[in-house]
């Protein structure tokens, strides 16, 4: 079976986010009223698997997120055969 | 009014995507059957505005995306006052 | 292509070229690939002396440093692409010149980036500035070639536009020189590196036209996504392949893509080539032969090897996980033949692709020199104005983003008069770039001279003896008589200045049609210069202690 | 003479100068492509660069390569393992050192010379320094901001300081926790550092302060 997973990897609460801050500031400088801007990492993965939940969980743990600094969430959608 | 926009900026179809390719290959090496992996840019912006649609559209055009190579899409959610 | 050129092609060919042939000819006959408007004048430049191993004509020039050491040097512009996509345009500009150095057989060891923008007060110019610098940084840093210097200038005339020039040097021993042309038939042509996509189709023709006001919205085909990861692997794989001594010719794929690289490789010494275009690994579905032949996808190289050596060479590509394919072979007959499957889709005399007649445009002198009025301000205020000009302030914001130390050779770092790279335990190579479009605008002849003189002065300031020059000529449309005149004057200035120092130009680049919204840029010749310095004789510009005498020489 | 493997991942770019520095320090060194094995080596150096172009996170993909299992085994035997810059990032990503290297406080690449205070002279790589010695080396990184939720598992080897050895905010180039520039494991045989000692191993390049890192490592491996 084929699947598409949408994975979002976020910085843990409380960790400062220099990248988001800089882009937020750039938008402020362009005149927008930005309260907060975040740039989580976002992956779209099309893959084949019999155990999609388990495998996506593993992909996050083993590679896509670093448990020291990240949390993650995902959605999986079936693409059929 | 306060709003939260979720913005996804993608490379146009057909453009070389070394980042997606390299990360996809790394997952394959860990044993997963990856057909395709993409890493669009993803922004979550909390902002104040009277014309949220227009402003998010502008933010994309002026800074977050380059129309020559990117397409973008977004959702805007109201956070109330 | 101009109508008279189309007519000439029909006559020489004795028939109408088909669609694929026409696309290939269009690329090869573009200003960018053929130098048709500049060739005649470039001949005026001195290109030979005792330091020159190889002058202009191939991908980069080669200079003798000492008996055992040769320096490869080249310079390129990536102006048009950077103006529409600053990050990718600037980055792929670095990639292109690095491959030019590599394909002469040298390890690229340093970059310089003379870059120019419109005034920073405008948002679009700030955006271009920030992303050009980021593009150069991300690419140069990731491939491990230090960016050791450059120039950063802001000028009204570049509003909404940018000039991105990049110079690169490489290090090798003289016997490691490889040429870009073959001298035998029956060689296999091996394409290595990235897959081929539709990016960069018509890139050279794009670079041979003015930009319209809405260039940002224009066809994305002219810009490419940089892939420094693959470039770094290409560098290492190529250098390892060259060590076998079995690479007969080597060329990078730049403007004009596979057509340009393979036809020049085969045709230069009178051989021909058959190309099997359908074998080229494609990144996008349903590409046709024309697209494959003229795509300018980045990070690709073309090798010529004998059949019996194929295995040994391609094993190296595989070690570096690079895709490769035998895309064709060289033949005795001077023809350029392209197959798509079983179908012969192009068959041209190979000379027709390269033999592009020169164009001489009308040239009209202009004179705008007049006495400058001195503003009535105090010395103090004048000093503050000068010292706070973005053109004068320290460019630290730029060069801190560049890894200028990688490879462990950088003796003099950015921020000084010239960079110095350690070549051996005793000697270093000084490297600097200079240009002064404001002078060139007022008087193109003297402006060009001053660029050379300034570069030489900067070399001398660090204690180096000048060795060689390269030049990059950024101009507006040559079809404007004033521009064409300023171009010719510039070359004369470059010639006379070099002659005065007994120096030669070993390589260079011409970029025309730099105008946006019908506003021509100022004539902008950029000169990069190399010098040799004994490490213990290096001098730097800072005061060393209290009580030193300060003097001025040469007023 | 002890022999060191300088591991080359796709995109590693400080391998040659690291080999030279080790040789200058009296050791043998060989560049080892990441698919080769690590037999017969007395220690390993993971050099700087941009393995896998820093895609995903610096060092993340290399850290999952098979060769890292061999590196872990070697470290377990007490042999020296040094990670410089990207090599440090690989060490944290692989769990050989705890913590993480995050984007600099100003999220840009930064190349400049810094002063370091040597905080620990007991590691395999710092024995030739004096306690509290101030040394000079260049940094060149975009992700060197050290973070850990638990500092119990690491020992601080180098800290960013001013010229006089004061550990102050202004001397910290990347926002790193406790101004950390380099840490080691408890045993002291695995050390990661963001500054580049190999770029400070030649008088012409501005300093020879980095050479002692390699000398100390070579000396240790001789025992």
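So that you can tell them apart, the chains are marked A, B, C and D in the order they are listed, and the count of residues begins at 1 in each.
Going forward, a contact is a pair of C-beta atoms (placed from the backbone, for glycine too) under 8 Å apart; a residue touches a chain by one contact, two chains touch by 3 or more.
A quick map from chain label to UniProt name: A, B = Phosphoribosylformylglycinamidine synthase subunit PurS; D = Phosphoribosylformylglycinamidine synthase subunit PurQ.
Nothing here was measured: the structure is a model prediction, and the numbers come from that model.
Across B-D and C-D, the chain pair carrying more C-beta contacts is C-D.
Chain geometry summary: the mean Cα position of chain A and that of chain C are 39 Å apart. If each chain is reduced to the centroid of its CA atoms, chain C and chain D end up 36 Å from each other.
Per-chain CA centroids place chain A at a distance of 11 Å from chain B. Counting only residues that touch two or more partner chains, chain B has 18, 22-23, 26, 30, 62-63. Across the assembly, chain C contributes residues 123, 229 that each touch 2 or more other chains. Chain contacts: chain D has residues 52-53, 55-56, 61, 64 touching two or more partner chains.
A complete list of chain pairs in contact reads A-B, A-D, B-C, B-D, C-D.
Those residues of chain B whose C-beta lies close enough to touch chain A in the complex are 2, 8, 23-24, 26-27, 30, 32-49, 55, 59, 62-64.
If you check the complex, the residues on chain D that touch chain C are 10-11, 13-14, 16-17, 20, 33, 35, 48-50, 52-55, 108-112, 138, 140, 196, 198-199, 201-202, 204-206. Looking at the complex, you find that chain C touches chain B at residues 84-85, 87-88, 123, 127, 194-195, 197-199, 216-218, 220, 223-227, 229-230, 283-284, 297-298.
Looking at the complex, you find that chain C touches chain D at residues 134, 137-138, 141-144, 228-229, 232-233, 319-321, 399-411, 413, 422, 428, 535.
Here chain D touches chain B in the complex through residues 52-53, 55-56, 61, 64, going by the rule given at the top.
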